[in-house]
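Note that subunit A is present in both complexes that follow, paired respectively with subunit B and with subunit C.
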Partner chain A sequence: MKTSTASGTTTSDLVPAGPPLHGPGHGTGSEGRRPRRGIRRHLPYSPWLFAAPGLLVVGAFSLYPFLSTLVNAFTDRRTLVPGEFVGLANFRELLDDEMFWIGLRNSSLYVLGVVPALVILPLLLAMLVQRQIPGITFFRSAFYTPVVASIVVVGLIWVWMLDDRGLVNSVLEAVGVGRVGFLSDQWLLLLSAMGVTVWKGLGYYMIIYLAALANVPRELHEAAAVDGAGPVRRFFTVTVPAVRSTMVLVGALSSVAAFKVFSEVYLMAGPSGGPAGEDTTLVMLVQRVGTGLSGRVGYASAISVVVFVVTVALMLLVLRADRKEDA
Partner chain B sequence: MRINRRAVAAAAVIAVVLPLSACGGSEAGSSDASGKVAGKITFQTWNLQANFKDYFNGLIADFEKQHPGTDVKWVDRPAEGYADKISADAAGGTLPDVVNVSPDLVAPLAKAGLALDLDKAAPQYKKEYLPGAWDAHRVPGAEGTYAFPWYLNTGPLFYNKRLLKDAGLDPEKPPTTYDEVFDAGLTMARQSKGKVAALANVPTIEDFGRYGVPLMNEDGTAFSFNDPKGVELLTRYKELYDAKALDPQALTATPESSGHKFLTESVAMNPGSALDLANFKKQAPSLYKNIGITDQITSTGKANMYVMGVMVNARSKQKPAAVAFAHFVTDATRQMEFAKQVAIFPSTAGSLDDPYFTEEDGTDETRVRVAAAKSLKTAVNYTPVLFSEQMKTELRNAVARALQGKQSPEEALDNAVKACDRLLRQS
Partner chain C sequence: MSVINVTDADGKRIPVTGLAVRYVLLLAVLALTVGPFLWQLSTSLKGPHEDIFSSPPKFLPGEPTLDNYTRVAQTIPVWDYALNSLKVAAANVVTNCVGAALAGYALARMRYRGRRAATLAFILAMLVPVEGIIIAQFTTMRDLGLNNTLLGVLLPGSIGAMNVLLMRNAFLNLPNEVEEAAYVDGANVWQRFLRIALPSVKGTLAVVAIFAFMGAWDDFLWPLIVLSDPENFTLTIGLNYLHGTFANDERLVAAGTIIAVLPLIVLFACLQRFFFRGVGEGAVKG
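Up next is the complex of A and B:
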């Protein structure tokens, strides 16, 4: 049973979260009786007891691995050999590791290439499928299909399509353009992977925008139309300000996901990370150096720490930009 | 609520210190495998359950019948990520008692004291196997043999007769030396204006070995594939790449993807094994009609072979049963039975002299089988056991840099050797 306290908050009968419901001298019924001393002594701990299962799971599967990675980054631990403390040696080695800089470059390029597309294109798509016309549900579902498809299947399909002798190249050859090395040229490969990420993410962010667009008051559009604003002007003066916080959210989510990209590039560029490893991303590098029987767990952890710091910085940057706009 | 700061501090210390304590030391288990063959053991195979379930269930039943009191639990792991699964088990102390391994997987496990030294624990079985196969699981820098040799594999070079004919080459006279392969490749690329490539793979470490390049020094402490012969091989491959005689996607290809290119007849030659023949027949009947089979290309006179092994966990609690079972799986009778189910070759002494491996019946299958069995008598596993996955990537990237012209073949191989030596020191 829930009751309202004097402060207006809602609390359970047994949790003394606010002023006593019945102070001394107020009422004589059983409701007014104070909890027994033994129970009362344990009351402050009871929320933690309820939270304990959740905390255990979070501790074991999130906090512990995270702390473990942090510690490993300062050791020379390998898969089968427990590490010794080496201070900042792993981070110093990173500075001289050409592959680390290639990974950092590619992960950063991925953010720059993918995030603007994933902020803008799903919004346009959402506006398109927002209209209530017959059969629109089909299109909404169709656009969402790539989201539910397995990334491995998606990757393989695009590899077949973009192969030197695949569908896309056959069409290009038929129209006289000639074959394009989507999967053999370093930059085209990265661009192709970005295209797949955008294609797969469109539906997901479209759904988020659809929810945001549903909350934009129709009157604003009507008023703007009465004032003579055309569709483009209404988009910039009504729609964009109304969904700005959603755009920030999409920007933050997609930039973190883009910086940590693995599957698309791994599937399209192969385990070696494209020609001469030039398409390797940071997370691919973590997987390459940190796994297997000879894996350098300590060094891979140091790269993971860099990935963590950059993703946190990205989040803060996007959120700070949003706060500045608000001010 | 007030939180006990000391409790929080203790929890933080445990969280920080615990990872360091994980994995334990690399203390080796005892090599003593004498005693009663009894108890429950786990046997792990590498992607064999789908096709050989009945064979292994029968084998396990036979062993349990021969050794009352034993109980073998069979687990099979997918091919993808097999090394990662073993490393997770090894690090977590849950490595099965008997494990299907390849020599490059054995090396780090032996170094960590997790693979049983069979020279000490089971020397009586050594004479049952081909000497080269028994030595395949030795690790440079360590004494001992760390796995029973199991099945061997090698294979011919498959080629597409139609594509050779279209290029004006004689399909009945396929290339037999590296020079002939390169020359045929350049001709095919020229005739087809770059549309048909001869090969779909960049050279791997075993290609360098078959070309006659010394791969490591005798002590196994440094790599040497950057010698002039290695540079020569890479220079020839660059000629192929520039002429489009090497598939444009070779730089990112995997053995599976290049096999697919051969299946779809966009590449003329592909090294394979006796296993592939049935695959061609089933998946690409039009290719099968044009399939040509010739000996593996080698400059050393010795073909490359792949070796599979069965390792015993040095920390197994049922070592006598584990050793007995590993030997049972790999003994001459069982290997012969297995070889008759699938196109592999036994590593036991004398097995390759069986008429099954010496007499042809006129079919392509027996022709490949007999030729492969003959070549196995002198074949070599060219991949050094200390050559890890990361080293393979280093070599692959160096080869790609040379083929793209970003570095000279000499510079690329020097860098690859430097990187592999560094990884060797860190392993």
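Up next is the complex of A and C:
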């Protein structure tokens, strides 16, 4: 955005006491056709008064913590002990920390498992609810319910559904498949958590796709249909190219979110991360290592820095993949 | 032959077989998305002598009772937790609406040195991942002496950078001329903000309010880190505690989750029209 220079006189900086008789060139566009955003008719400090609460909150609870995370990562700070500079010691320790590699593995697997499903399934769902047919508003909002519900509620519902004696297992037993240890096996547990993440995310990304689909010209579909393309063919030749940039956006959003997964796995595997901690994710590790009275703030910050770096890398990767296909 | 005549928004007739397939698919997805909530509701209504683990499963409670809800309240102070959540969520709505509207107005409708820097601060803050700075937020709260308080739960999200930018976008779309005219009529900046700009962005304000309420009511990771004393628990943390302590009585946990989710579903059902419009707009504008 552009900040253009002030065009008014000094009096225009003051709050007017009454209607000024000779307003300085208002509304005539005499100062050129450059689009001017905003009006400079207020006391000089007024904008800062307006922005102060927001800047204060954001500064104190986002920007400052971000900087202090970067600094703390190079110290041995603990919750109750101010730390000292230790250079790269925390990062060297990470390399030998088995739990860190488990966390990195699980968070990465989460991205690989969740992202393709969250790019494709909500698109199909959006196509299903796109058409204005009777009752469709009800279905749209109903499909959104899992998004609205708290992750704790969702987690507990699925713990109950996937329990050894839960609904899914009683159905599986009734049809003769037998019971499956969704929550006791290390890999099935991670897979179940991914399923829950996808289930909860469907409605959210469906809405994003719905907005994108609304911009696809109807004529394209009709032309393709006239040319004899069936629904599947039309999906790949018309719909997918038209919503491609939205698919990239969904891919970027969901991969970043998936890498930072905490609640689903925490709730389903328990605070210690399932059998022998094998289901721990990186953010779970941050929470476990860094909190409490004996929390290793420095070390947890180092893990957070790894989370930052990987998240930014993921974003760049998805966006680059997009540009390559364009060329 | 009288066939039901259904047309879409463009007035085009939809073939009946295609329509039937569509509804079957819609119902299948409905079962998948809403079914688990209904199963939870059903579990919460089942009596103490009923087998909740039966195979094949029984979907309707044989002897429906509200007993589990009173028992949750006897086990954990669930209504106190709900009140704590309500306090945080309501305060979050107020602080976000007021703070984001003020800051958004300053970014969009006023001209001054440093506006770019102020905007950049909010953009950067939006990009910082909460999960990555949670430990530093925790130590900041400790330094402020606000750990284990509801104020500590509230503060970090009290004015979301995302909401500020949403409000900024909404204000940017208003024409300058109206405010110029008000200025000529003698309105000062505060009057222009309150009487002219704010009433024009009610839709976005509603979306900010809904997001703020949902965000605070549903949040888990931050309250989990900040709150240690059960007295101050919010509902989500209380539920996790209930689950951990009384995992063997699924009826109680089910009743607790229903208490947590029902107000939101009702709120959402009432406001969903605003909501879908707003979320759609946000998605288009990026």
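The definition used in the following text is that the second predicted complex is superposed on the first by the 270 of 327 C-alpha atoms of A that agree within 3 Å, B and C clash if a C-alpha of one lies under 4 Å from a C-alpha of the other, contacts with A are read in each partner's own complex, and residues count from 1 in each chain.
Rule of thumb we're sticking to: contacts are C-beta pairs under 8 Å (C-beta built on N, C-alpha and C of every residue); 3 or more make two chains touch, one makes a residue touch a chain.
Everything numeric here is computed off the predicted structure, so don't read it as measured data.
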item	value
Of subunit C and subunit B, partner touching more subunit A residues	C
Partner chain(s) touched by A:183 [first = subunit B, second = subunit C, both, neither]	first
First, second, both or neither for A:294, with subunit B first and subunit C second	first
Partner chain(s) touched by A:129 [first = subunit B, second = subunit C, both, neither]	second
Partner chain in contact with A:112 - subunit B first, subunit C second, else both or neither	neither
Partner chain in contact with A:79 - subunit B first, subunit C second, else both or neither	both
First, second, both or neither for A:63, with subunit B first and subunit C second	both
First, second, both or neither for A:276, with subunit B first and subunit C second	first
Footprint overlap on subunit A, where subunit B in one structure and subunit C in the other make contact	44, 47-48, 63-64, 68, 72, 77, 79, 163, 165, 270, 291, 295
In the complex, subunit A residues that touch subunit C	1, 3-4, 6, 15-20, 23, 26-27, 36-44, 46-48, 50-51, 53-55, 57-66, 68-69, 72, 77, 79, 125, 128-129, 131-134, 137, 139-146, 148-153, 156-161, 163, 165-167, 169-171, 173-174, 199, 202-203, 207-208, 210-212, 214-215, 218, 249, 256, 260, 262-263, 267, 270, 283, 286-287, 290-291, 295, 297, 300-301, 304-305, 307-308, 311
For the subunit A and subunit B complex, residues of the former touching the latter	44-45, 47-48, 63-64, 67-68, 71-72, 75-83, 163-165, 181, 183-184, 189, 269-272, 274-277, 288-289, 291-296
Parts of subunit C lying in touch with subunit A, wherever the complex brings them together	6, 8-10, 14, 19, 22-23, 25-26, 29-30, 32-34, 36-37, 39-40, 43, 53-57, 95, 98-100, 102-103, 105-116, 118-119, 121-122, 124-125, 128-129, 131-140, 142, 155-156, 158-159, 161, 164, 172, 176-177, 179-181, 183-186, 188-189, 193, 214, 217-221, 224-225, 235-236, 239-240, 243-244, 250, 253-254, 256-257, 260-261, 264-265, 268-269, 272, 276, 279-281, 283-284, 286
Residue numbers on subunit B that touch subunit A, as the complex places them	1-2, 15-16, 18-26, 83-84, 86-87, 90-91, 105, 108-109, 111-112, 114, 247-249, 251-254, 257, 264, 266, 388-390, 393, 396-398, 400-401, 404, 406, 423, 426-427
